[in-house]
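Each of the two complexes below includes chain A, the first together with chain B, the second together with chain C.
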Partner chain A sequence: MIKWKKALKLAVVAIITIAILALLQNLLMPKYMTEILEGALISEYYLEENKDHDVIFIGDCEVYENFSPVTLWQEYGITSFIRGSAQQLIWHSYYLLEETLRYEKPKVVVFNVLSMKYDKPQKEAYNRMALDGMPLSLSKLKSIKASMLEEEKFITYLFPILRYHSRWSELSAEDFKYLFKKDKVTHNGYLMRVDVKPVTTIPQARKLANYKLSDICYEYLDKITALCKKNGIELVLIKAPTIYPHWYDEWDKQIEEYARENDLLYINFLKYTDEIGIDYQTDTYDAGLHLNLAGAEKLSRYFGKIIQEKFSLSDRRNDEELSRVWAVKEALYLEEMEKQHAELEELGYLKAYNSRRGED
Partner chain B sequence: MLFTSYNFILFLLALFILYYLIPKKYQWLLLLVASFFFYSFSGWDNVAYITITIIATYFAAVKIGQLHETQQSYLKENKGSLTREDKKAYKEKVKSKQKKYLLICLLFDLGILAVLKYTNFVISNVNSISRFFNAGELSFLDIAFPMGISFYTFQSVGYLVDVYRGKYLPEKNIGKFALFVSFFPQLIQGPISRFDDLGSQLYSGHSFNFRNVSFGIQRILWGFFKKLVIADRILPGVRTITQNPETYQGIYVLIGMVFYAIQLYADFTGGIDITIGIAEVLGIKLKENFQRPFFSKSTAEYWRRWHITMGTWFRDYVFYPVSISGPMLKLSKFSREKFGEKIGKRVPVYMSTIIVWFATGIWHGASWNFIVWGLLNCLVIVVSQEFEPFYAWFHNKFNIREKFLFKLFQVGRTFMLMSAIRILDCYRNVRVTFRMYGSMFTKWNVDEVFNGALLELGIDKADYIVLIFGIIIMIAVSLAQRSGSIREKLSARSDILRYAAYVGLFVSIIVFGAYGIGYDSNQFIYNQF
Partner chain C sequence: MKNSKTIIIIAAVLIIAVGVAAVVLSRDNKNLSDDIDNANVSNSDNVNNNNETGGSEKQEDTPREKEGYFFEYNGVQIGINDEAAPILEVLGEPMHYFEAPSCAFEGMDKIYSYSGFEFTTYTKDNVDYIASIVFLDDTVTTREGITLNATLEDIVAAYGSEYENSFNQYSYRDGNCVLSFIIENDEVVSVEYALPEDDLEG
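Right, the complex of A and B next:
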């Protein structure tokens, strides 16, 4: 009896300790609600009630800044979600796709090939943005293992408090406000920017010693291809029409060849900027690195037509239930757009992006 | 594998579970495997060094033991036929053989330590002399210094000397002896255990005992708190001050001394708490290595309360043997004849004291800093001893010995004196250290401390807040320990208070610990000795 009582006491203490640590973990983890919004992207997918998308995008900022799912819906009745994150590496993309397929089977998966240029993890911050938002799963564990830099520890991804514990001295009102519930910052994964910063000069591309895309990247590209084929999904490889970082012709040829060998559609949008109608004086917010809303909508209109025709995606705007869901999304999209325009008019810049900006 | 690494915590968890799942008679074997597994993380060459030491010491001790047994049975068998002179002659013969084994093994064990630890130090000194005479220089050896070699060598030497002295019989099972030398919790920073104290505990099985396990875990947590919340948080301050002596002089030297005192205390006692706690979970009681040393009222008392097992080791295996050695007895006789009884009797004692402190210094590190550190400690102790009659007269005259404020003064004085000597650990050489001592008297920059300069030492406001709270808790615990074990006291309190304390301690380590990316992952300071 005494033993049981002791065991019960210990169990209660353990539960209370875990609860305290869980609460502290929530408090200490960055919220990404008012700054560095990119950190909030991955987790937003799990908030979607209706995970039934025709198209899933995977990749880096060249997908989540350059394609607008609301435009694809408005123009073609295509439902889509962007599972993008800042400097998402190809193994991140693969495991994200693997995990996404546990929830749904899209008809088309779109992968932006810029990340083929990275054959090893780059920065802990990007790993965190790609991985912290994923719920615990085998795919997440494998992705962590593939992504970690030397100084990173596996256990800190399972218990992020071990990584973020020192944030106690930097806690802000945002951390308490979003302790239990976070707002959505994207529109089906699209991170909207309406500001404009025209292209003035294009940095000279530096010569590389070796233009061969690495074996490890091909290995993951093979895995993505195989996974799509196994699930009857059409894989589309794209290169977004952003003019920097430079996309070398040598890389382009290798991807073209890969697409041909594997019977995949590959579109390098850099070759079709005139057809798309992109004006680099008005359609980019950072001088050519990313498109702004105007550019993203143009690109989405162009791309939507291609995939609808090529893969016979049906126009689902007649589906009443879906239309209701997307009407809410459209309203939020419009609201955000107006909010950003108002902010620009008032301040001359967007608050969320004013404090920093780096290549992602 | 650092004590503060995630791998070590996982290793401990697995070991604790396995230890109580397997039959008791195999527990020592599991500990042996675990100890070598743990040590193998420091490199296979290090495993080779410790294995050689174990094998050499084991065979020498067994041989000495066999000679002892042979002697016993010979004397027993020939009890009636041997005269007193025969017995004496036979015993001397045996002792002489035993001594050969002892000396060969001591030379071997200490030789490994000396070669690995001191060769480059000797080369550097030889080169300094060569430079003076414009002669060629020797190149340094590329040898790694095995983690914990000073500790396991001393433990082996202590065992061998005790067997030679007939204190106990040698351990026959080489595996069990190997465990005594390599027992992982104490392998890298002590405490330095004695075989008669630890051996039987290691080899007898232990049943799961909730109290031992719970007390052990509490002790481990307390050790982590001191290491991660206090020692590693104050470390940048110590480094900034002592690694930039041109910038940080005057008052900063004093701040550096106090910071380093706090860091070393929290680091070393924290490490020992973890060590003793791990052993406690395994049902093994290790010797305490500290008894609130910063409450000492004199240097001699401080050294009886700081790194106790090292102090007693030097006393038993260096000071006593040196004091009664032939040359020392001759010196004693000579000095009594030459300088009279009063001074003459002091000469051998002080000579032995100097030898012990020189050895203590060089044991801590192969550099002149540590040698000077040891000799300064020696100087303070000897001078204090010489002034003892004056102190006694002064205390009686002014009747202050029992006054609280005077005791506080004594504690403060000892703390500052020890801190001043200890800072030799940190500066790059003896000359710089003495220059910094000098700057405390020549450079008056106290005002800088109040102009925000303290925030430029690598410790920010939040760090100071954590440090202040952490140090207050550490002092409060030490004060409370004077009247008995904190864990005993806590276990007598209500469940809510008790568990709140444990959970609070655990959560504090997780949140306020200086670990992970952004912090240097630091070895315990004594791992390097």
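Right, the complex of A and C next:
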């Protein structure tokens, strides 16, 4: 009896200690709610109640800024989610897809190929944005291993408090407000921007010593292709129609060849900007690096038609349950659109993306 | 009573262990918020200490003896890690200016194009520094006389044979600058002054 009591006490203390540490960890981790919203993207997927999407996008900012799932729903009755993150590299994308398939089996996976230009991890902050939001899983562990820079420590991804402990002096009201529950910052992974900054000049592309996309990237592209084939999923490779960083013809040819060899659809939207109707004077918020809402909706309309016809995706707008779910999403989308327009009118810029202006 | 003490000690040891681990790990890890603040280019953390060339002095005041490779245009010396503002002041309005905000972060890469060349900057502590200089045509030359359309023989004659070769790129490193030439069909098609890659990965 005494032994049981002792064990019980130990267990209670252990639980309390772990709970305190977990609470501290939650407090110290960045919340990404009022600035650098991109850090909140990955975790939002797990909040989705109905993980039944026709299309899953994976990739970097060229997916989460350039495609609108709400437009795909409104125009074609296609359900989709964007599992994008800032500078998501191809190994992030692969393991994210592997993990996503534990939750659902989409009919189509769309991968943006810009990250094929990076053959090694670039920056810890981007790793954090891709990895910290994932719950613990084998896929996450493998992704951490593939992504880490030399100076990073594996254990800090398992116990982020070991990485973020120094934030205690930077804690703000945001950290306490969103300690237990965060707001959604995206619309099925789409990060909305309604502001406009026209293209005025396009930098000359710099010559490269070597245009061959690296073996490690092909290795992961092969894995993505194989994973999709194994699960009966159509893989679509895309290059978003953004003008910087430069997408070289030499790279494009290699992706075209890969798509041909593997019987995949590859669309370089840079070749179809007129057909899509993109106007770089009005449809981009940062002079051509990313599309704004107007551009993302145009691109989604164009792309939705292609995938619906090519892969016979059914129009699900007649599904009452789904329609109810998406009606809520549409309302939130509209609400944010109006909020951003009002903010632009009042301030001339969007607070979430210009939070430091006031400090200057 | 004894049991309670043991339990409290175990809990305290656990918390202290986490604290110690955090401190030990933080010795190796730079602050992530620094990354976020300086993420307009990935090299910012390492380049600050290299900025010893006194870039903040005005170009027209005192011509200085710069070390390592640097570019000279109309008497204006432009070196990697030099502060951009005094150089821009002397060069005047660029023909083209392009800015590329980094995904997710504050700050941005800035590209200033002048006749024959362009340079990019990175930002550290709200100050812009030169990150790279690239020739756009053959109207400009390196201080050692190499221009676009030169040959590998010209390069070796000017800089020696101690280059690093990767594919068709030939690079010379001097201090915190790497001067690279790309050759296609026996002709130089690219001349670039840039930060060394190990700085870029910082």
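Rule of thumb we're sticking to: the second predicted complex is superposed on the first by the 345 of 360 C-alpha atoms of A that agree within 3 Å, B and C clash if a C-alpha of one lies under 4 Å from a C-alpha of the other, contacts with A are read in each partner's own complex, and residues count from 1 in each chain.
By definition in this document, a residue touches a chain if its C-beta (ideal position, glycine included) is under 8 Å from a C-beta of that chain, and two chains touch if they have at least 3 such contacts.
Everything numeric here is computed off the predicted structure, so don't read it as measured data.
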Partner chain(s) touched by A:T17 [first = chain B, second = chain C, both, neither]: both
Message: Quick check on the superposed pair: does A:L208 touch chain B, chain C, both, or neither? Answer first, second, both or neither.
response: second
Message: Contact-wise, after the overlay, does A:T156 reach chain B, chain C, both or neither (first, second, both, neither)?
response: both
Message: After the superposition on A, what does A:E297 contact: first (chain B), second (chain C), both or neither?
response: neither
Message: Let me test your reading of the model: by the given contact rule, A:K9 touches which partner, first (chain B), second (chain C), both or neither?
response: both
- prompt: Of the two partner chains, chain B (first) and chain C (second), which one does A:H165 touch, if any: first, second, both, or neither?
  reply: both
- prompt: In this superposed model, does chain C or chain B come into contact with more residues of chain A?
  reply: C
- prompt: After lining up the shared chain so the two structures overlap, which partner does A:E234 touch, if you call chain B first and chain C second: first, second, both or neither?
  reply: neither
Task: List the residues of chain A that touch chain B in one complex and chain C in the other.
output: 6, 9, 13, 16-17, 20-21, 124, 151-153, 155-156, 161-163, 165-166
- prompt: Can you name the residues of chain B that touch chain A in the complex?
  reply: 6, 210, 460, 462, 495, 499, 502-503, 506-507, 510-519
- prompt: Contact residues on chain C for chain A in the complex?
  reply: 3-4, 7-8, 10-11, 14-15, 18-19, 21-22, 25-26, 28-33, 35-36, 39, 42, 96-101, 103-106, 111, 113, 118, 134, 136, 166-169, 180, 182, 184, 189-190, 192, 201
Residue ranges of chain A touching chain C (in the complex, touch as defined): 6, 9-10, 13-14, 16-17, 20-21, 36, 38-39, 60-61, 86-87, 122-126, 128-129, 149, 151-153, 155-156, 159, 161-167, 170, 200-204, 206-210, 244-245, 286-287, 289, 356
Statement: Within the complex, chain B is touched by chain A residues 6, 9, 13, 16-17, 20-21, 24, 28, 124, 151-153, 155-156, 161-163, 165-166, 168-169
